[in-house]
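Next up is a structure, given as structure tokens.
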């Protein structure tokens, strides 16, 4: 039905897509996996019309088509569900659903809100979402927004004669486990009306949902695997060109931590908006993983430790000192480092180079009376570039132009070079390809060995289980369960889920 | 309506306006006289039109600083055309009105083109186009004043209904029109879409460039209306007719609760903002404040108004 | 790729081209003494633009600089007699403090700098009117010469203002490139959330940026009042827009994090050359303003480096 | 025709013959020293460039100044465009920078007429002109401690208009129209401007003789029509019927006041203004204004350029002129309803032909400082 025939795409200096052949059948769910830089996003952009191929053909029902922009692709039934927050927050749900296609409800440019609301309700019903279409989008939860996003794409059904192809780009990244289940159920139901291309970094999800899986590497399709014969490690092998074995999470490097000392201790701490008392302790060398659904209170704890949030009551001791004033400066001064989830926004400063980013948190140490010693900064940067094999042409490289994994290495070296011994990692592997993920896992073990205590909010449960010494399961702001995770005696996924939901 | 934090903040500009009115009226009861209210309304009308125009631009997340030039140019062209067409509204000179609205739209569109096509940030593009507008007004008039004596046209100022001049009613109608455009037309909603997330709007198939151009052209129309009101109010036009409108209009819009970073607030906020600024201006004289204190006090009051109407929980930082 | 290479150099290429154009029409323009004097005359504006650069560098704006300079001319004229050279300290402290106030309003109370600085400017204007009793004041010429005469004399054919400007430029360049403050301001302009997440007290540095802007506006006002040997609450009117234009034309866009004080140097010189070109090219009086706007559009279109702007708003 | 204006015009306009006689006499006495090359920098310039530095092209006043300057330039056989316009746009900084650029361009071979925009700006302007060996005449703005005779020949003259007395006259006309009692408000110029100060002082002088008239309020309207209209409406609220007369510091302000009153349906309010712009004269004729004061910017524009030019080419030597020829008041003509029509016929409908070498004929005596 929809087909790409030896499609080529070149950018200055990069051959992004090399003779890609791709097809999708009516009602099929096709998975698309590959490391970052493998060409997935370029391929998606070609499919939904944002890029025009340099060679090859796009065929719909066997006939060649050409899309100059996404709108033309939409006219032929190709829609895109973007990763996170691609709805405009200050508009209402219905406006977002029909953005760019208001014409059907307008006469002389005047909008008939009643008609639009009715139509929006119809779309929302398709995704089983029962909300008022006049709700402002910013008031919705992440999961609701994802469904609205899907409802928006499904308007193609009414507008387009032929078949629909819907791209789902990392649709699960902000969803909790049960929300993911609901979404998958919905997608399967919707195959009666549309075909789906599903892109995700989460191999388990891709394998669960997809009928066939395209594996990409270096701008090429390495393999097409049918669900029946799909095998996670085989696929990962094809993606990275090597095996991802049990040592993926570096469990063999997990060593017992020092229980005699405490880096910080929370006793009966109550956070704003939550009634529960929290008790947490971090020891040197310990990886403490906070597990819970979105909104379970993991972030609030991280933010409290980092000093961005002040507890209402309770006792919070850091390195033997009771904390009263809470602010990031103080925390940083006490050796707390923070690797934020929004790497591009909070992690690195795009537009500044590597050494400028690395010393941003420790300018006091590299300056005298406010004057920076740039020579020492550069030396530091060169040192860490080689230590972590950061792929940057030099310490002068703009961090905005580095790949996600290298950006994360810069962020990590920013804190490690500053001697932080309490590291807060918020989704440190989000959006990274497998190779880069492994680098991050190695760095976590390295830090552990150095006696750094790590509080981790992991991207997946497997990651949490694999990496941690201790797992704390949170639900609705309350600590539900603690697990001790010695290598070989780790809790199972089920153990965790049981307490999360 | 519940007395929640959000509601208090949303209504803060209106409450500030109310507070100012009460304050001034307490010091000098004449402030609340119907005639003075009419005076404030009259003084507000041209600034109101400019504020409406620039609100659309600010909602888009852009800024327009060209209003002084556009108003001056439109005012002098309007007068010249009006006189050329017979100098009386009855005798065909009414044609000058649609002509000048078109002219305003064209100039606004031009600003938009400089901004969109040359990819110059709107701050600089509109600033430079403002110079061009004022310069063109100087070129056209050679620096002279152009007067309009037509009584029919001046009825905008002199004809009073229930104590308020005719132009106040027309301005009110235009506020409604602007509100309608904002809330009930595709274009108006697209302003919010662009202001809320330009790239997302583009990806959804909104022609962002066209929306921006339309926004600047629409603002130009409102500037042209402001020019006509300014001429109706003063009976004359010159190359400085639009002077001071830039800071007044933008201050008003922000004081009314429109966020400079786009997407938040709207026409009604602008209306309240213009009224706040004009109430302060009128009130300071009415209560007999020494003139050298007026600029400082205006500044302080504006800060208070903005502080009260900003939700500090939603803003992570201001620039 | 070549275009990428040329882009960062466009501001000074624009400056050279403009200078050459005027020079071709009237070679007199290119005499060193003439160029030096032209540069010397733009110094007060340059100093103001220099300060403004810091506000714009972090993505804000400072609209109070003109009123600040106005107020400083009044303060300088009044207190020169009683304070002597210490009046300079008073002026700079006043500028620094009021700039700090703008910064406080912006960073702590979240009032956009467009509004907060406009309001602080109103306060400055009120102070200037009140202090001066709404009159033009003049300094005692002898005392002026004794105290600040060095600012406005000549060394050879070089106006002394240029040394002052060079010293301030060097200082600002040092702040921008070599100090914690400069580094943090760059981070704030390019990505404030990341700077915050690195545990930096962003607010304090932003306040400092506005304070520097205020202090330099004060120095500009002081130099101007020394030059004029007097002050008045409106005497520095007409500084604001050219100063903003100078910063923007130099290639420091309002989005922050890009550009810097060297760009402002070039921007100010471009403004000076455009102004002088009106005279040298014999532009009609009634056409000058319009032409200024058009040349400005062309200059900005040439000088801004769009590759560093995320979205053009 | 009122005798006042008639006398005034007679004084100002000379016949061609008179001019030749006076000119010849002047040359004879002054040319000699010039030939022998005395003087500090250079004795005389040949064919100097001429420039007028002024605020902007957006007002009738400066347009008249420029026309006067151009008329002078044409009178010496050059074309209008030979007069260079240096527009300060209300910025002292630009004013100074432009003049220095002009000095540099001409290498000092120039004659400049100038309004320095703000009084402190006059000193650096004059100093720069002297350093370049050029010649300058200023009008309106200079500080009291700056005098042409302290600068040898290069600072040729300063002309200003004593606004205090004419303003007092308009105030008296206003008070009489008010019947000698009631309340008056004053709408002034930019508060720190010299003319604004003097015009208010004139009003206050007149008040002394009218004890039953109360000055209700005086606030600046910044020479701006829109601001004047807004200020006037606020005055109406504050003082209401107590306002029985309005004293405006400028015609531009009066336009705003009249429109603010028109909006209220008030048409019989006694108002006086200042500047004598064509529109204002018409308003006087229509009875909407009681009086305005004409300062003859056309003549001022022409004669300032003429003074600088003739000093530059050595027609006369400024340092040998008495002080009342170096610092003097310009002419002022009170225009009331009685003589407005004649004034219009004489000055506005036709441009009088002035003798641009009769430098001090219409002037009003040496500037007095207090």
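We call the chains A, B, C and D, going by the order they appear; numbering starts again at 1 in every chain.
Assume a contact is a pair of C-beta atoms (placed from the backbone, for glycine too) under 8 Å apart; a residue touches a chain by one contact, two chains touch by 3 or more.
A quick note: this is a predicted structure, and the numbers were derived from the prediction, not measured.
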So which chains are sitting against subunit C and subunit D at once? B
Chain pair with more C-beta contacts, B-C versus A-C: B-C
Just grab the chain with the largest centre-to-centre distance to subunit D, centres being mean Cα coordinates. A
Take the average of all CA coordinates in subunit A, do the same for subunit C, and state the distance between these two points in whole angstrom. 44
Just how far, in Å, is the C-alpha centre of subunit C from the one of subunit B? 29
Cα centroid separation between subunit B and subunit D, in whole Å? 36
In whole angstrom, the CA-centroid distance of subunit A from subunit D equals 73
Multi-partner residues in subunit D (2 or more other chains touched) are 57, 191, 220
Using the touch definition from the top, which residues of subunit C touch two or more other chains? 129, 134, 193, 196, 286, 288-289
Every chain pair meeting the touch definition is listed as A-B, A-C, B-C, B-D, C-D
Seen from subunit C, its contact residues with subunit A in the complex are 1, 178-181, 183-184, 186-187, 190-191, 193-201, 257-258, 308
Given the complex, residues on subunit A that touch subunit C span 12, 328-329, 331-333, 336, 338, 340, 342, 345-352, 356, 359-361, 363-364, 367, 370-372, 374, 414
Sort out for me which residues of subunit B touch subunit D in the complex. 28, 30-31, 33, 35-36, 39, 42-43, 138, 142-145, 147, 154, 157-158, 160, 165, 230, 233-236, 238-241, 243-244, 281-282, 285-288, 291-292
What does subunit C use to touch subunit B in their complex? 58-60, 63, 105-107, 109-116, 118-123, 125-127, 129-130, 134, 192-193, 196, 202, 241, 244-245, 248, 253-256, 286-294, 296-297, 300-301, 304, 306, 309, 311-313
Flag every residue of subunit D that touches subunit B in the complex, lowest number first. 56-60, 62-63, 191, 217, 219-220, 224-227, 229-231, 233-238, 240, 255-256, 259, 262-265, 277, 279
